[in-house]
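Quick heads-up: structures coming right below.
First subunit A sits with subunit B, and in the next complex the same chain sits with subunit C.
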Partner chain A sequence: MHKFLIRSFVSSLVLLFTLTVAAIAKDVKAAFVYIGPTGDHGWTYQHDVGRKAVEAAGFKTTYVEGVPESADAERVLRQLANSGHDIIFTTSFGYMNPTNKVAKEFPNVKFEHATGYKREHPNVATYAARFYEGRTILGTIAGTMTKSNVIGYVASFPIPEVIRGINSFTLAAQKVNPNIKTKIVWAFTWYDPGKEAEAAKALIDQGADVIAQHTDSTAIVQMAEKAGVYAFGQASDMDKFAPKAVLTSVENNWGPYYVDRVKAVANGTWSQKDTWHGIGDGMVVISGLDSQMPNDLQAKVKKLQADLASGKVHSFTGPIYDQKGNLMVAEGKTADDGMLAGMMTYVKGVEGDIPK
Partner chain B sequence: MIKIVKRDQPSKAIFFFTPVLAIFLTLLAGGIIFYILGFKPFEALKFFFIVPIADKYGFSELLLKATPLCLIAIGLSFCFKSNNWNIGAEGQLTFGAIVSGGVALLFYDQKGFYILPIVILAGAIGGMIYASIPAILKTYFNTNEILVSLMLVYVSKLILDYLVVGPWSNPEGFNFPETRQFSDSARLPLLFEGLRIHAGIFLALAAVVISWFVFYKTYLGFQMKVSGFSLKTAKYAGYKGKKMIILVFLISGACAGLAGVGEITGPIGQLHREVSPDYGFTAIIVAFLGRLHPVGIIFASLVVAITYLGAETAQIFMQIPKYTGQVFQGMILFFLLASDYLLFFKFKFIGSKK
Partner chain C sequence: MIIDINFVGLIIASIMASAVPLILASCGELITERSGVLNLGVEGMMIIGAISGFALMTVTGSLIIAVFGAMLAGVLISTIFAFLTQTLITNHVATGLALTIFGIGISAMIGKNFVGIPGKEFPVLFEGLKDTIPLISPILFGHSIVFYFAFALPFITSYFLKKTKIGLIVRAVGDSPESASNQGINVRIVRYACILYGGAMCGLAGAYLSMIYTPQWIENMTGGRGWIALALVVFSTWNPIKILIGAMIFGGLTIIQFHMQAIGVRIPVQFLTALPYIVTIIVLVVISRDSRKIRLSTPSSLGKSFHKDN
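Showing the complex of A and B:
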């Protein structure tokens, strides 16, 4: 009797333990590694909005902000993998090699690397957004709204992602206004309000009356507001920072993808893939259009948005020529993803050279 | 009544006591900040200063982090002891990394025991070249070395940007701003399987020993000390000031350059835009916290290194913003400078009766 009691007690303890373990195992925990502060109102801010969507879907999340792309990234990743996280999103290009290195040591943890191309292990997936589709819309608006026919563009780094955006923007602007010129200033930073504001000022001084940006802070739209020119929000809806200047914003909407991938881990259906989603899949979202835009332009933008989403319109449809007049994409053809991924030449109408 | 009286001579005991006091005050102020932010202060401090180094891996990461800080701070102490304000160690680190990274890329896909020593030497020379600029400008053109060395930091980062975006970028890397991964022959060997701690730590330890010897056993060390107290005295004694300025800058640059080598041929394994999370600047705090003494600098580098690790752990486990790590580093320096007041002044209690 005595033994029986002890035995049943022990076995019920074991059962309880297994049940708890099973319950914990079902609780998928997701971690996010950010390059900047969550309050940048740009790149990192939007990733954090995506993280909150994962929380809202009932999963636990952790994040680490301001992780430098130096030797520190690897330690943060290893610590996250070690502390019970099942899926880790690394949201900057510079985390590519550390992500793959740590993924090798933790085959049971899934890794999702944004904007990279290396998937060296079966537990590493990559994802990025077709921001250039959003820039086609911005270009259309800029080409219509400019009076000086000079459009300014604050760029970050001369990598295909940024060059592609400049080209997509310029092509769309030329389509509605063949006389426009795109002037570029390279800020060589993703986030530096001081530098970005200076770059915007330089462009405004050169006669630009519409400013586009491929950097993350709100400094540029605020500078545009002060100077009385138009601008576009980057990554998040920046309208509230410069209500007069901002015509619309291109928002990075990571939430649906994040929820999808975390759920896939919970269901055991996660698999490695390379995702490149645009307006059609809702990863790129166009914010509300400003009332300063004429009605016919607004209608045109709405239609373009729908056509880009359905695939009826492609941002890079031929004929496209480079600065020297060489044919890049033939008439009636569209640029394939391979060409887009490695795009390192300006199209005709962009001023200056790519810094080499 | 309490009266503040100037000391006849700075107190030696207090000289080494104030860093400890500064750390204690930092912990206290940190606890108060955590409390105001709504975190349990003791738990937060535990995650900040104990949890990160509670296991073997954590401790190895602490040493990994402290290695460049210690190395740079040792170099800086040569400058600071002799009244030369080299603020640009970050630039010397970056330039050292550029030169040694360039050599490592030159030997890409080659084998040979001689490659690593050349890569290391190249880094030291790179740092020395870069440090010689403010030194020469100071000695021959009387420029302010603080400004020159600081500004050169930004120049070095732009050079690095240019190289990794352009000519040195990985040909298979889709034009992303990074070089190829160095071959194993150009990487510092790891000390233990599974840990990131690498042979660079021996460079730091060697620097500690050599600097101790130079500071306390050589004529150069004595000259530095005298120049530190009074440049006029040094001149009067007939020391060759110019030669010494250049020498201390070269030593400092070599140390920073070696720290850069340690990062890129150690844990990183390639050149990209962010080889150092501002080690060159943080090492200034380390040098002063360590009282410009080689042994003090070892302890100081460990203390400051843990603020980096602790900030990560505290964010992962308690969602405390990671930037509090920088707040801690700032507080340490602030309290240290503030408590240095005690070096020169003392409180005297004066009774009411005469």
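Showing the complex of A and C:
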């Protein structure tokens, strides 16, 4: 009799627990809208890794990949909002207006827009990562490791995110090596392995012995490996693609944020905010450092990483001048987020013009 | 910047390497079109070749199996097209477009398991001779077998079409399937063979991208090269040697514009990026402007279905 009571008590507890978990899992459904395919091993791939973390935390998720940044995005968002999703992550800059437009029609659905700045309705939040902090570290490594003092940089599109990265990288590289030149090639694509490889090859043929990239595929690090120069992984750890060339990678780590926000919806604590996390919050992760880097450089990088995380060092600390020599950030000051978000001028030391 | 002679050699070698997939796919499609079949599925067949080659290389570890497997995959997917257009007499344009969409979709599905895996190193030939003669050596030596094959292919194709009996049969079928049929040629079989051959070459072009040029798999990695290959066939007026020229100009301008950017030439980058497309078309139109020759080399029955019973 006792046994029966205990057993039924335990089993009802288990049932209750299962029901609660099921209730949470059933109650909160998260959707993700991707610009590219999840198989790009870059931007979208990393967002999908974040989505899987949400799934692992016990929530249901849906995703739609390859959604163009047009009226199609609105249609997809409306469809997702209509089909019982409670929180929708839109993971590309161009979804900014569609997200806000659809958010107005569905006040009970939470919208999270990546890399944007418009929060026109109380149910729209924005989030982004301070990738430029990672590029400060890459610049420091590049400036130290280069022998030819020519550093190549394969860029994608002239938007503040990319310009900020180039500036942060160049400022850091110049700090350790005032003689370096950053040569920039615009590939006008986020990922096209063939084109990226050709751009990297052009830079290598012109004497660059360290290649940085702001495009997504692994073609550039592979080209660097073939040519015997150094490179850095983008978005995910690319070391296995080019073990000799890759000195480190800057990884996008969205998982913790996604889990946090979906849980907030489940707990009813979600509120609108603008999140811009960097190394300190773990949204930007620096992969393991290659053993080819001298010990003192490794130590320096680790210290820089800690200082960036704690806020002791800021990637954009004055004095910073633009290409014409005008002061952008005064001595002792740091660039504020407004300036960083709209950065569309090169700092002194970057060669060439920003494509208009 | 000092332009030394080896630098020029290196640039020419990169240009040639970038032209390889275009030459392979275009020469394959050229044979298909010469038989009177318009297959717009080049992009789809290339991407199938790319994933098949990469997947087989990863699974079997054998480069030979992977290369031939990619060609076979191109043949298999083009068999679908051949069956639809030749046996069921569907519209060439619609079927070809469907083939491309199908290829991109299915390659993405198969490819899910192969994302993030590094490719294998593909062996190159004559590596030891690479530093012997300035300018010439980097161009001639140290490339993969597919590279040499691609540069021989336009000449082989040209010889095949002009000098061999089978080549003449292919052209006859493309120009007038009715007459060919009356001569006792089985038009359907010839067209089937030409479609499958085109599929094999597109498969090889895709495998070159995923196994040799940028050894990795990512979705949509052909990046529209299939469409460029198709355009090259038309603008070259179905002439294999002009395909070679067009592919070199296209690949060359892509690479040269990157070099111009790196040097810091002050030309709007967007213009530089568009340059390969514009110049390739202009050059091919100019070198093929003899309208009599265009009429002669255009397969008269291109894209038209052929019913033997009519």
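Assorted remarks:
Keep this in mind: the second predicted complex is superposed on the first by the 330 of 356 C-alpha atoms of A that agree within 3 Å, B and C clash if a C-alpha of one lies under 4 Å from a C-alpha of the other, contacts with A are read in each partner's own complex, and residues count from 1 in each chain.
As a convention for this text, contacts are C-beta pairs under 8 Å (C-beta built on N, C-alpha and C of every residue); 3 or more make two chains touch, one makes a residue touch a chain.
Quick caveat, the model's predicted, so the values are computed rather than measured.
Aligning the shared subunit A places subunit B and subunit C in steric conflict.
Judged by the touch definition given at the top, the superposed model places A:Asn326 against neither subunit B nor subunit C. Contacts of A:Pro37 after superposition on the shared chain: both subunit B and subunit C are touched. Of the two partners subunit B and subunit C, more subunit A residues are in touch with C. By the document's definition of touching, neither partner reaches A:Ser310: not subunit B, not subunit C. After overlaying the two complexes on the shared chain, residue contacts for A:Gln292 are found with neither subunit B nor subunit C.
When the shared chain is aligned, subunit C comes close enough to touch A:Ser236, but subunit B does not. By the touch criterion stated above, A:Ser148 is placed in contact with neither subunit B nor subunit C. Touch criterion met: A:Asp353 reaches subunit C, while subunit B stays clear of it.
Once chain A of one complex is fitted onto chain A of the other, the partner contacts of A:Phe93 are limited to subunit B, with no touch recorded for subunit C. Using the contact criterion defined above for the overlaid structures, shared-chain residue A:Phe188 touches subunit B and also reaches subunit C. None of the stretches 22-30, 292-300 or 328-336 of subunit B clash with subunit C in the superposition except 328-336.
Once both structures are placed on chain A, subunit A residues 37, 188, 355-356 are touched by subunit B and, in the other complex, by subunit C.
If you check the complex, the residues on subunit A that touch subunit B are 31, 37, 62-72, 74-76, 78-80, 83, 93-94, 96-97, 117, 157-160, 188, 341-342, 344, 355-356. By the touch criterion stated above, subunit C contacts subunit A in their complex at residues 1, 7, 10-11, 14, 18, 21, 108, 111-112, 115-116, 118-119, 209, 213-221, 223, 225, 254-255, 258-259, 261-264, 266, 268-270, 273. Residues 36-42, 45, 152, 183-189, 191-199, 201-203, 205-206, 208, 217-219, 222-223, 236, 240-242, 351-353, 355-356 of subunit A are the ones touching subunit C in the complex. Subunit B meets subunit A in the complex at residues 57, 61, 64, 158, 161-162, 165-167, 174-178, 181, 196, 263, 266-270, 272-277, 308-309, 312-313, 315-317, 319, 321-323.
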